[in-house]
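Common to both upcoming complexes is subunit A, partnered first by subunit B, then by subunit C.
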Partner chain A sequence: MTQGLLVLWIVSSLAIVFETRTYRLIIYFSIFSLITSVAYFLLGSPDVAMAEAAIAAFASIFFIICIEKYYSRKENVEKDSAKGESLARKAVKAVPALVLCVGLFFLVIYFIPGIEPSHYLKHLYLQRFMTDVGGENAVTAIYLGYRVYDTLFEALILVIAVVAVTHMSYSEKTQVADGSHSEIETSRVAALSLRIICPIIVAFGAYLIINGHISAGGGFQGGLALATFFICRYMVYDIYDISVKNVLQWEEFIFAIIIVVTAIAVFLGAATYMPAAIVPIYQSVYLIIMNLLIGLKVACAFFVLFYRYITIERE
Partner chain B sequence: MGIFNTENLEIFSLALFFISFFGIITSKNMIKSIIFVMLIQTAVIMFWLKLGREDTATPIPPIIYDPALLDYMERIADPLPQALTLTAIIIGFSVVAVIITMFNALYRLHGTADWKKLEEVEGD
Partner chain C sequence: MGIENIWQLIGNIIIGFGVFCMIFGAVSLFVLKDFYPRILVASKIDTVGLLSFVIGFAFRHGLSFFTGKLFIILIIMLVLNPFVAHILARSAYRSGHELAAEAEEGEKS
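Moving on, here comes the complex of A and B:
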């Protein structure tokens, strides 16, 4: 099974190289990401697999919105400048790049057998994380315990990206949706089924967040699942009554709370003066609160991104 | 089919890296370039996760519900690359979101998604 997956993995990436139609590019990219997610799972990392699957779904949605709003559906990718060129001429043009890439590939392959990774840190973390940070998921223990500052800066970069998208996509002609921005009427069947699915999605996201420290999942994955709820809500009701400014402010507020909680946890975290019976409870509460805050922040960020992409008007 | 094995995943991720590199330097369209930026990130993450494997058998996820599991230390996957790639995936996506917005702004300004045509338009 893994052999077929690997073949499909390389074939789908090659298909993206040779494809010239825009919509098919996105479909091949989705297939590629799905296979990547399965491969991550086979490598023993369910957290990364979940994050990759959710992120790929969001990326495909954003690409499709972007193409639909701006780039015409009928337009082909390489139609513009390669109009008069024959296939042979295009192939000859790509030869230097091909030689460069293949040469570099074999050069690196030649040196690869020399790499022998050290597993010292893995043993260290796996033996200590249950007493140091708590919980049962070593991945959560690392990104909320040992490497919590990395998580802080990642959250900061997400805030900056959302602010950048909000400001760069603004123009005089940007119209805020008033309930009549959809060209096609929502199908009643789709609306009904989404209405049934929505509570399940919210429950799934909450489950991922709250169980993040004892099983696979966590703040990022649960937050992405919660953000999916907003997209479903948009498709069901077709009306937007939530102000994007408020959500952006909420996101920044939650980010500030994350910093405060981390600072408090650093001072409490020595835990040497705590009674031994309280320490596991304190650790679980800290992990759940941090996962919850990160989940809400990611959900707010992706909601703002989705909303901005939806409300950009086509000229 | 001997070469198509998860043992050779390092070679495959390197192959993907150079396929994406080839795509970035030859693609004429901006949307294609953005997709290849995401692909190159995937190749790096896959390479990193593969390096965390100690044993040839399928790894156990690093969720230790029972301390007795630590006896099979060789079979447990390395949690450090996983935690760091989680943040890397989110950061990569935020970068891509900004790139898509920049593409939208460029397309609105110049009306083209072609690198060559953009050079001509900006040269005037």
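Moving on, here comes the complex of A and C:
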């Protein structure tokens, strides 16, 4: 069953790569996401499957709206690039669509009703994560142990998003943090309440990061809590005195350190299947360092996003 | 009736008061038609309802580590809920949102 899905997966990804017409590309993309979500469901993780399906539904509608707007603005753009091709090429291009249609049809008719999701991987992880990666939180064990390369790419995506926002909203005026205040007068009630809350927020973020491998939490959540502190700081003092550029450089620097630490840990055997000879304290040190770095990086990223939007509003 | 039962009774009464506040707040959210009264009622649900729930649970449970956690939640909510309502009402006022009655008077005069 899963093998058949994976074959369809390969076919749809090949179709995405070789397709040149945008509308069909979007449809292939949503088919790809559908197959992905069914595969996630079969592997025993219905939450990820739901997220994938929702993102695919949203993204395909969004892409289609964008393309409609683009073509309505530029009417001279040639819509169909596949004119004047030979019949054989057209037939070859129709093959993946045909395979996908037939495959999805049989999938829906015969296999989807009454299928049992497999919990093999889940049980395997829950049995072995304490000896393999260490810590007591299985989520941390997965995202810093079994799936550490995925975590790297997730962090990279955040860096790319922040760089894109700062690049696209670039302006000469706001490059220097001159300590200027905005024209809106601050509310004293808000300032007083936030001064009471801020230490609790910082303590909570630090707790989430440092205790992330034992209880619920981790680098991403703790980093968000730390970034909330900077938003509160801005709301209290209403001052623009930290340069976005420097913080962005810090974020990239921390990301480089994360890559180096991951590489070292993988070579020493901490992140992958760890031999039993290595002491458990070593695993905990690895998890705490990674959580700390990821937390600082996420805090820097969201700080940059927040200050960037403030300065856009001021211009 | 033992002393523990009396604590349980006091806790139940306070939780009942919280339920009363929450139900009337939820009803009046639909009855009231304007923005500022709705903010008033919503902050009342959050503050009075939640506070009486937390205090009632603390009475029912007795003095322990759990009660300490409850009081941390209580202090945070005591600060945060009025703050949220204040920020909402303030930004609505600053951006020029008017009461429906006042807007009608302004049109007449």
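Following the convention adopted for this analysis, the second predicted complex is superposed on the first by the 176 of 315 C-alpha atoms of A that agree within 3 Å, B and C clash if a C-alpha of one lies under 4 Å from a C-alpha of the other, contacts with A are read in each partner's own complex, and residues count from 1 in each chain.
Heads up, the rule we're going with is that contacts are C-beta pairs under 8 Å (C-beta built on N, C-alpha and C of every residue); 3 or more make two chains touch, one makes a residue touch a chain.
Nothing here was measured: the structure is a model prediction, and the numbers come from that model.
Once chain A of one complex is fitted onto chain A of the other, the partner contacts of A:189 are limited to subunit C, with no touch recorded for subunit B.
Look at A:200: by the touch rule set out above, it reaches subunit C but stays clear of subunit B. For subunit A, the partner with contacts to more residues, out of subunit B and subunit C, is B. Of the two partner chains placed by superposition, only subunit B is touched by A:123; subunit C is not. In the superposed model, A:36 makes contact with subunit B only, not with subunit C. For subunit C in complex with subunit A, the residues that touch the partner chain are 76, 79-80, 82-83, 86-87, 90, 94. On subunit A, the positions that touch subunit B within their shared complex are 2-3, 6-7, 9-10, 13-14, 16-17, 22, 25-26, 29, 32-33, 36, 39-40, 42-48, 51-52, 55, 58-59, 62-63, 66-67, 69-71, 75, 77-78, 80-82, 94, 97-98, 100-102, 104-105, 108-109, 112, 115, 117, 119, 121-123, 125-127, 129-130, 136-143, 147, 150-151, 154, 157-158, 160-162, 164-165, 168-169, 171, 214-216, 218, 220, 298, 305, 308-309, 312, 315.
Residues 184, 187, 189-190, 193-194, 196-197, 200 of subunit A are the ones that touch subunit C when the two sit in their complex.
Interface residues of subunit B, counted against subunit A in their complex, comprise 1, 4-6, 9-12, 14-16, 18-23, 25-26, 28-29, 31-32, 34-36, 38-39, 42, 45-46, 49-54, 58-65, 67, 70, 73, 76-80, 82-87, 89-91, 93-98, 100-105, 107-108, 112-114, 116-117.
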